[in-house]
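Shown next, in structure tokens, is the structure this report addresses.
To keep things simple, chains are lettered A, B and C as they appear, and every chain counts its residues starting from 1.
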Amino acid sequence: MNAPAGDIVAFANVSFTYRGDWLQRIHALKRVDLRVPAGSSFGYLGANGAGKSTSIKLTVGLLHGHDGDIRLFGQPLGDHRLRRRIGYLPEQPYFYENLQVGEYLAYLGRLSGLSTAELPAACDRVYQLLDLGDLRARKLGSFSKGMRQRFGLAQAIVHRPDLLILDEPFSGLDPLWRARFREVLALERKRGATLFFSTHILSDVEDLCDHYAVIDHGVVLEQGRLADLMGQAPLMLTGAGAKPAGAEAKDDGTWSLHFPESERAQRLAAVHAAGGEIQRLERQRIALEDWFVARVRASHTAGKALAGSAAAGKGGES
Amino acid sequence: MKRARRAAVWLLALVCAVALIGWNVGRFHGAEARIRTKNLDFLPSPTVARAMALGQASTAAKLRWIDSFAYFQLQLDKRDDRVSGSGSSGGFQRLYDMLIGLDPLFEPFYEHASLCTSGVLEQHHLALGYLLRGTMEKPHSTSLWRNAAAMLHAQFQYSERRPDLFDDFLKQWAEHELDPDQRQAVWIWQANLARQKFAGLAQLPQWFERLRASSPRTPMGDYIEDVVREQLARYGVNELQALADATSARRLAAPVTLGEILDPAAIQARYPQGVPEFSPVVPLPGGFATLGDPWGYPYALVDGKVVSPGWERVRYEQRLAALNHYFETRRSSGEEIPERVADLPGAGIELPPPPLGASVRLDDGRLVAEWTPPPQTPYDVRMLAQADINEQRAMLRAGPRVPPR
Amino acid sequence: MIGVIAWATCREALRSKSFILLLVIYAVAVLLSRLVGWVSSTDGHIVTTDLVFSLQSVIGVLVAVATGTALVHTEIHERTLYTVLSRPLPRWQFVVGKFVGLCLALAAGQAAMLAIGLAYLAVTGASVHGWLVLAGALTALEVLVMAAVSLCWTAMSSPLLAAVLGLATYALGHAVATLPSLMHHLQGWKADLATALASLIPNLGQFAYRSVAVHREPLALAGIGEALVYGALWIVLLVTITVGIFRRKQL
């Protein structure tokens, strides 16, 4: 199956509220706009309870009754046949304990629309990818958390979906299997699948994603290309001779100067003009984790300030 | 080390298991057989009982019935048929109405209802009602028809008072029999009945019917066996007493031993047609002998009166049971019961003197009689009930006997 | 799709330890039932047969209520249905498939119980005849109706409450079978109200032919036909209600 051009998943002004205890209503998503481009590897970042899983459950049809528009492969949600093209790995997946790996995979493959003729080859492919061949007669009740995760990925890709939705795919995996998962996901992408996964392990995003979105308290704070985000990192110029203003002197007689991309030409010209020698110009690496924390905190601070000013406004009116 | 610890854990479990199983087995070992008696505590109407049985009406009926055997045992002593709490009478009637309401197709309910109301309470009209109701619910049941016919004959003397109606009844029975052989058997049954007209044993055929329908070693079965033995003993005592009285009149002196009453001329005078099948007197080559009583004790002559020691024993046990029941009532109202038999008169309790060869003791607040074991084998009344008349005669006469002394 | 889900559900249920354990408990209870037969003073075989068939009904209903109430809830609680319902499958097919699978497993369990019970009765010398098989089959139908009742309750409430409501429905379902004979105690609007309430509850007395069959009495074939139609209608109604509720459920 080939992925279509455009956005595979598109949320437009989507809100979702569910009932908590008694009459309490919880706003899980607030006017969310989200676009997962075709062929991309999309990292959906957010703290626990931010709204990641709610977005995913709405996409795969486990939740319904949202406001706004959600489109899947360019079509509105509602037609269950669209899910033929989705592979979904839930967070911490559980399976029937008394079915064997082979039986369960065949069962889920059949539900995904694979014919009995297609099943053996499809199952063999994922057995190979995830080393499950020797375990096909084992009951899932005897599986460890990591093994369950492996089976979870197997059932998600068995029918070669166009869109792979993975909720915290790396949880419970040891380093070896984390690396193997990355390889499998890279192969799936190469096949043409779009990856949409939620995580709060940011190194995974750096390694796998080309697009990202950050969600907090049901609001998408930011989304875009990861390359653009990385492009916002400051530059560091190392030079010798005349030291420009703001540069830090080093013991070996050189100096270094940090400035944003937008000041590049102006700064270089200034060094030349002062007779300085440019030794090296490099882009500093963004620590995604620090950036994420700073971004979410900034959102909280802004929210509090807004609330404070609204309260002050109200107080002034009274 | 780990292996030793594991072995220790298993050993501990094994020791506990052995100890607990031994404890449980100990409860059964050497436990005295005690007859369970209790009152009826919950008797809803048949409709309510059916609603409460949660779809398992027939099973609930059987379990309630088995539980109610204890009330039957209690009534053997009390015979007032009063239910505790309300104190209202008619416990058996309410019980069996409920049970039949829950499972109207179970024959034993009708048979036992008739046994309890007729045999224990002597309310024969109720018993006949249950049997006739049974023939309506189970119209092809030979046993219910035969029991009803036996009751009409034994308790209501229908065969003599209203032979036309009795014949009609037997015709109806024959019409309901599905098997031609069974149909024929109705008339054979009637012919047998006509032959079994022994004085004092009029009810014996009916009790034989009941005995055939009951299982051995069950409260009902034991009770019916005892009733049959009592009837045979009463008949035996009456017959021997008649011979003793005849001897006494002839000699103008009371006989001292049973051997003295077995005078061939007197026996010939009493039984001109030959000695009846259930008579305790049996002919021997060159004379006569007496059988033992139905419990295996030899009949005895005490001060000119014929006594069946086995029957005396049964009657004494019944009196002790009534006293024990009285003790329990007193205990439940907080009164103390003496610990020794000798202290009973002081507490205002009169203990009847035990029959010859018996002693009474108080065991855990209950009166228990100890008996010398019977020298002969008691009658196998179950085999007697199964046999035809000729076989019955042969069985009794082949049994142990007491030669004249 | 319904067949695929049903087959997986049936296999999962048949292999579950609780299912096998209840069968073992049934077998042990059947063995012990002869004791009660012995204790009864007469006709011990009828008493044993009665108990064997009651055990099939009671244990069957317990299994139906336990598995019926756990069926959907466990899927939600354990999140096993996430990987199923995220596939191209309408929810009604999931519910129907699960119920059909449960019915297959329960029917297999009932068949096993019936076979064990009849074999035991035959070995102990009790009378075994075709009416008993028919009565056992009707008990199985009662168990399937109870499975549908439990499924419906669990779609509306928590599993514990659903189990309690399921057992209450079982009790009421048998109580209403005898209600018409109690109606003469009520008059006017009370009688109308009682009739209306009782009409909302499945009359499980419709399937109770056990007490007739144990006495070797023939069963009325017209009544059996009615029972089949009655049971099928209740199952369709209850599964439809469950589908309606489950379609709106947030997972």
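Things worth noting here:
We adopt the following convention: a residue touches a chain if its C-beta (ideal position, glycine included) is under 8 Å from a C-beta of that chain, and two chains touch if they have at least 3 such contacts.
Computed from a prediction, not measured in an experiment: that's the story for all the values here.
Separation of chain A from chain B in touch steps, taking the shortest path, is 2. Chain nearest the geometric middle of the protein is C, using mean C-alpha positions. When chain centres are set by their Cα atoms, the one at the greatest distance from chain B is A. Separating the centre of chain A from that of chain B, both taken as means of CA atoms, is a distance of 88 Å. With centres set at the average Cα position, the gap from chain A to chain C is 48 Å. Centre-to-centre, using mean CA coordinates, chain B is 44 Å away from chain C. Every residue of chain C that touches chain A in the complex is listed here, in rising order: 1, 4-5, 7-8, 11-12, 15-16, 78-80, 82-90, 250-251. Across the complex, chain C is touched by residues 18, 57, 60-65, 80-84, 86, 88, 90, 92-99, 103-104, 107-108, 110-113, 152, 155-156, 165 of chain A. The part of chain B that touches chain C in the complex is made up of residues 47-48, 50-59, 62-63, 65-66, 69, 103, 105-108, 111-112, 213-215, 218-221. Chain C contributes residues 36, 39-44, 46-47, 50-51, 53-54, 57-58, 142, 170-171, 173-175, 177-179, 181-182, 204-205, 208, 210-212, 214-215, 217 to its touches with chain B in the complex.
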